[in-house]
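Both of the next two complexes hold chain A, though its partner changes from chain B to chain C.
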Partner chain A sequence: MAAPAALLRRRGTEPAPARARGRRAGVPEQFTGWAFVTPGAAIILLFGAVPIVWSAVMSFQRNNLLSGSTPYVGLRNYRALVHDPLVIQAVAHTLVYTALFVPGTMVAGLFLAVAMNRKIRFISLYRTAAYATMAISTISEAIVFIWLFDPSYGVVNYLFSLLGIPQQQFLNNPSEALYVIVIMTIWGWTGFAVVIYLAALQGVPQALLDAAAVDGASSWTTFRRVTVPLLSPASLFLAVWLTINAMQLFDEVYLSTQGGPLNSTTVLVYYLYDQAFQNFNFGYASAIAYFLFLIILVVTAVQFRVGRRFTHYRS
Partner chain B sequence: MSAVAEPMGRRRFRLPFSPWHLVLVPATIVLIFPFVWLAVTSVETTGEALHFPPVLTPHVLRFANYPDALHAAPFGRFFLNSAVVAVTTVLANLVLCSLAGYAFARLRFLGRGALFAVIMATLMVPFQVTMIPQFIITKWLGIHVLAGVGIDHIGALILPNAATAFGIFFLRQFFKTLPVEYEESARVDGASRLTVLWRIVLPLSAPALATLAALTFLDSWNNFLWPLIAVTSTNQMTLPLGLATFQGAHATEWTLLMAANVMSLAPMLLIFFAAQRYFVRSVAATGLAGT
Partner chain C sequence: MRSHWLGVAVASSLVALGLAACGSDASGGSGGGITISIWEGYTGAEAKAFAHLVSVYDKAHPGTTVTSLFVNNDSSLQKVLTAVRGGSPPDIAYLYGSWAPNVAQIPQVVNLTNVVRRPGVNWPDFWVGERDVATVNGRVIGIPALVDNLAVVYNKALFAQAHLQPPSPGWTWQQFVSDAARLTSPARKQFGTAYVTPGSEDTVWHWEALLWEAGGQILAPGNKRAAFDSPAGLKALTTLRDMAVTDHSMYLDPTDNAYTNLFNSGKVGMLVTGPWDLSAFPNVHYGVQIMPSFPGTSGGHQTISGPDNWVIFNNGAAHTAAAERFLLWLTAPAQVKYFSLATGDLPIRRSVETAPGFLTAMNKALPGVDTFISNLGNVRQARPQTPDYPKVSQILGNMIVSVLLGKSQPQAALAGAAQQVNQALASSNG
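Let's look at the complex of A and B:
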């Protein structure tokens, strides 16, 4: 840890502490401060900061637990990664999944939140139904949806048969499985999006909506020109938050398809898990982890840049 | 749909019911159908569950699926493990993040800025980057320091999450919004920092502490990837891991699987409904903090 040097430098630049109003006690503040911080900081350093550095080091090593030694191999893991067809597929699947899941969840959440942002009968019932999806673990959610989308006995195929749509293989079909996972995760995150948008809608001043109505704007125009812009900070937050989570998709894939059929649902974190804890290629897996981190950073940075242009902050 | 921009409830009395019901009823059916179908399947006979077209209203209710599922895997134990892990993690976070958050908000000590920056940096990094070293460290701790926090013990699910960078940051931000005057007058009267924190700051911070507790609880209860890596013995598994393992072994026994699933999600659903207000406010707070 590079802390000590920074600490000393810090001391010199610190302005004379504003110890006004006699905040002097028996125990020096130095000591109290460190005593308060140490237990929590120790855990975060041990399980957060140290692993960040350690996995960076490992990503430059050949480390597969079977070999006793862990020689440095330079950029070989990263070079292998760029040429690994499964990594390329996994990146593609992760991005396709993200590109469908994030807007899907946001649109569903916005639509439901607008519908639920009024005092009508049964409203708390409607809201509770949406919120309830937040209480469901990803595992419970995946099991229910595997059953709903079961090719032989599933309800979805039954509905399809009523509509005259041919029976589908869903999670067993390489060209459909990822979309089923998109649907189940949108369902699982709807409650979250509704909560965020409902909270933001509470902050839309009634006066602005009234003013628009007085000016003769239709309700749709008011929604598009007044409400949606006022919701843009919440939208940006949701877009970034959902994207970060989408790129880390794992639980549903692990449970429903294990990356199959024919690797059609192998997303980055699933492949990383597979490399790390099935094949014990810690070095290669660490390189994949940093690659994932890089992609997340780039995508969220782009979102913030683009988002800032469309985001209106009041006051 | 003309009511988008309409002032809430001003004109609704003209209609027999709000047109929004026409949207909300189907939407709600879609949202709760998975729950309903889960509950229905959990009391069906295998014959009716494996029937196409699906039997939407079972002719025989087979509640024996529940004892059968409990017989096949110790869901009581999974529940207990999940509860122990979640409650301990929440309590540890409340204590450790309060202490650290308060120190970062109010106390001056050497290296405060640097330490805070390092902690904040860990907040940005996804878990997947840290999980391999975390696994190695946990394994080492179990062998050389204390078996109870090593691999394959529920302690391994608690210790790494006993304090979080988010919790420290969140409480520090909240503490900074509190007026300093109360604390200062208590200090003048000779109260120690710990007394000030316990007697003055924390009572004023109940909403923030409740939010942190609710979010930590949800996170801990639903965590899957780390338990999957850290635990292999059945008697140390939490509910999501136990359920996933059960699914792996009984993938085609849908009625048992659904009974197991109902037992797994019902406790959390009940807790959630009981404290819905808290959970919703807490989740909304993350969004408002981000905007």
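Let's look at the complex of A and C:
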């Protein structure tokens, strides 16, 4: 880092006086900076920060957004939330979903990334295909999976019948529906994990892999002891990012089961939507949103803390 | 140079702030005339017909300009609420009838009770189901925008294949159940009928039609207690359970969008559905029949309707008056007739149905729609007009789905749901 500065100086450029001249002109440089940042910041504040603060206020109100009256009810919404059996169910569904979706996506992504981290014919076609799942709209994805998992006409049950596995009810069965959504979303997000892992794999120095080979390590050992640890920053990023997304699952549920059957796929954000836009309990829905925020905050903090122990950063 | 760039940056940030702050300036009203804004969710043929009507109105009324903005119907209430809070609601919005009790709580909603009594409006010409949904606690808060109802659409070829007589207007639920069983063939992956089971209002209102046909009620008068836990409720729920659980003659669709494709592929014999689905069945030769009845009850062949409303928001006396004038014109018989013929939507006025040649023309465009039009006469009541209805609906949705999936028995499910509804209504402040 020091070299370019020395080079500059040797060529006779003098940055220090230039800066001094700027200060003499009377307009502090930071003011100019702020002026450039203001348009973006203003929009972010307006559409990001204001709703965040407003929903915090609403979470202490009884508010249906319809009538003018919005009495403050203190912590009543938060207290109701703790005693709402559907919130408890929704938390359980959200956690089960996250616990399956995050590792599932990471393993599938890593597997495909390793498979595609080589020079073979049509490799860019394969890589594009893997990423295409991210580009496909959620609605098309949901419709395709609804038909794949249709109990009477779906391909999955057809394959099951060929393999002698009993026919399943899938989205019609309260104890199976959530898992169908897990599979649907893993398929949708794997492309993202592939891209992150592919980039990270390209950063694994060949010298280390060669050294491991010279030491007589098998390719599996090399993968486990050299490649995977070197991918750990990417893994931590994916774990955190996918978890935050998983906790906010909504689209797939809305499009395929609408929280059913019998609330078996009602996750927190779906329940929040339901309370706000079906029942007009905006105060209660805001409290649920803050409750979810708290859960995400805690989970992410734990992930960073635990993750740091297993993450190797090369400097 | 520096100060120049600074100026640009400050100016652009001001522009951004200004843009963001303005939002939509819907009021208009330049040059002495008045501009009224409408939010509607029309697409395709409906959008074309509506745009035509608006242009006709604009030409005939030089002082008034009508501007319409497309807003998806499903999300229009949340957008309207935001606009109301921001102080710039549209003058008129298309809103689902099921929202009416909640919409009535918005202070800016204009009371139309006296407007619909004006001479020439002929309020009783609107179907009773529409008027009920436009009225909340005796106050008219909307003018009907759309009407539909449920009837039975059946596949003629599958009926012939099973050597069954097509349903007649006097048919019963017992016949429906036995026909469904005869139309079912596991080998051909063919079902007698289908039912949507996401547990949403779509699940619920199909059952409510059966409840009313069996002579039952959803809530007791006053909307403070459940009334569906009755012999009629049991009859309605058991009828569905017989097909779903005992006969396996009912395809359960948890997604609410598979059943139309299955019917159009000749995999389902009968569907209880509305006129909006007819255009999705180009591949099958279908017939339409009114709902079956439960003999021995007072319910008859009545059906359920889900009308929607045009609602006016107060943006000052001049805007309100202009909006009222436009809506009364839009929903006058001539315009209703034009709109129905252009779109296949059911006429929102009774007098249009009897206009000479109307039914023939409608049926040519959309076969079977005439049965849905005459079926409007079988709409005798509306769902309870209470802001708590969404809660009631969710409880009923779970009750129906749990029975259809074989997770609970009808009587126990009814009792449990009634207890939950009573609790929800008691704890409500609305």
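Definition applied: the second predicted complex is superposed on the first by the 275 of 315 C-alpha atoms of A that agree within 3 Å, B and C clash if a C-alpha of one lies under 4 Å from a C-alpha of the other, contacts with A are read in each partner's own complex, and residues count from 1 in each chain.
We take it that a contact is a pair of C-beta atoms (placed from the backbone, for glycine too) under 8 Å apart; a residue touches a chain by one contact, two chains touch by 3 or more.
The structure presented is a predicted model; accordingly, all values stated were derived computationally and were not measured.
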| item | value |
| --- | --- |
| Which of chain B and chain C A:N279 touches, first, second, both or neither | second |
| Which of chain B and chain C A:Y179 touches, first, second, both or neither | neither |
| First (chain B), second (chain C), both or neither touched by A:R121 | first |
| First (chain B), second (chain C), both or neither touched by A:Y78 | neither |
| Which superposed partner A:P39 touches (first chain B, second chain C, both, neither) | both |
| Chain B versus chain C as contact partner of A:L262, first or second or both or neither | second |
| Touching partner for A:F160 - first (chain B), second (chain C), both, neither | neither |
| Larger contact residue set on chain A - chain B or chain C | B |
| First, second, both or neither for A:G68, with chain B first and chain C second | second |
| Doubly contacted residues of chain A, that is, touched by chain B and again by chain C | 22, 25, 27, 31-32, 36, 39, 43, 46-47, 143, 147, 150, 152-153, 277 |
| Chain B residues touching chain A - in the complex, by the definition given at the top | 1-9, 12, 17-18, 20-21, 23-24, 27-28, 31-32, 34-35, 37-38, 41, 49-54, 96-97, 99-100, 102-104, 107-115, 118-119, 121-122, 125-137, 159-160, 162-165, 168, 184, 187-188, 190, 192-193, 218, 221-222, 224-225, 228-229, 239-241, 243-244, 247, 254, 257-258, 261, 264-265, 268-269, 271-273, 276, 279-280, 283-284, 287-288, 290-291 |
| Of chain C, residues touching chain A in the complex | 2-3, 5-6, 9-10, 12-13, 15-17, 20, 77-78, 81, 85, 102-103, 105-107, 189, 191, 197-200, 251-252, 254-258, 262, 267, 387, 390-391, 394, 397-398, 401-402, 405, 407, 429 |
| Residue numbers on chain A that touch chain C, as the complex places them | 22, 25, 27, 31-32, 35-36, 38-39, 42-43, 46-47, 62, 64-68, 143, 146-147, 150, 152-153, 171-174, 177, 256-263, 274, 277-280 |
| Sites on chain A touched by chain B in the complex | 1, 3-4, 6-7, 10-11, 14, 17, 21-23, 25-27, 29-34, 36-37, 39-41, 43-52, 54-55, 58, 111-112, 114-122, 125-126, 128-141, 143-145, 147-148, 150, 152-155, 157-158, 161, 187, 190, 192, 195-196, 198-200, 206, 209-210, 212-213, 217, 219-220, 222-223, 226-227, 233-234, 236-238, 240-241, 244, 247-248, 250-251, 254-255, 269, 272-273, 276-277, 282, 285-286, 289-290, 292-293, 296, 313 |
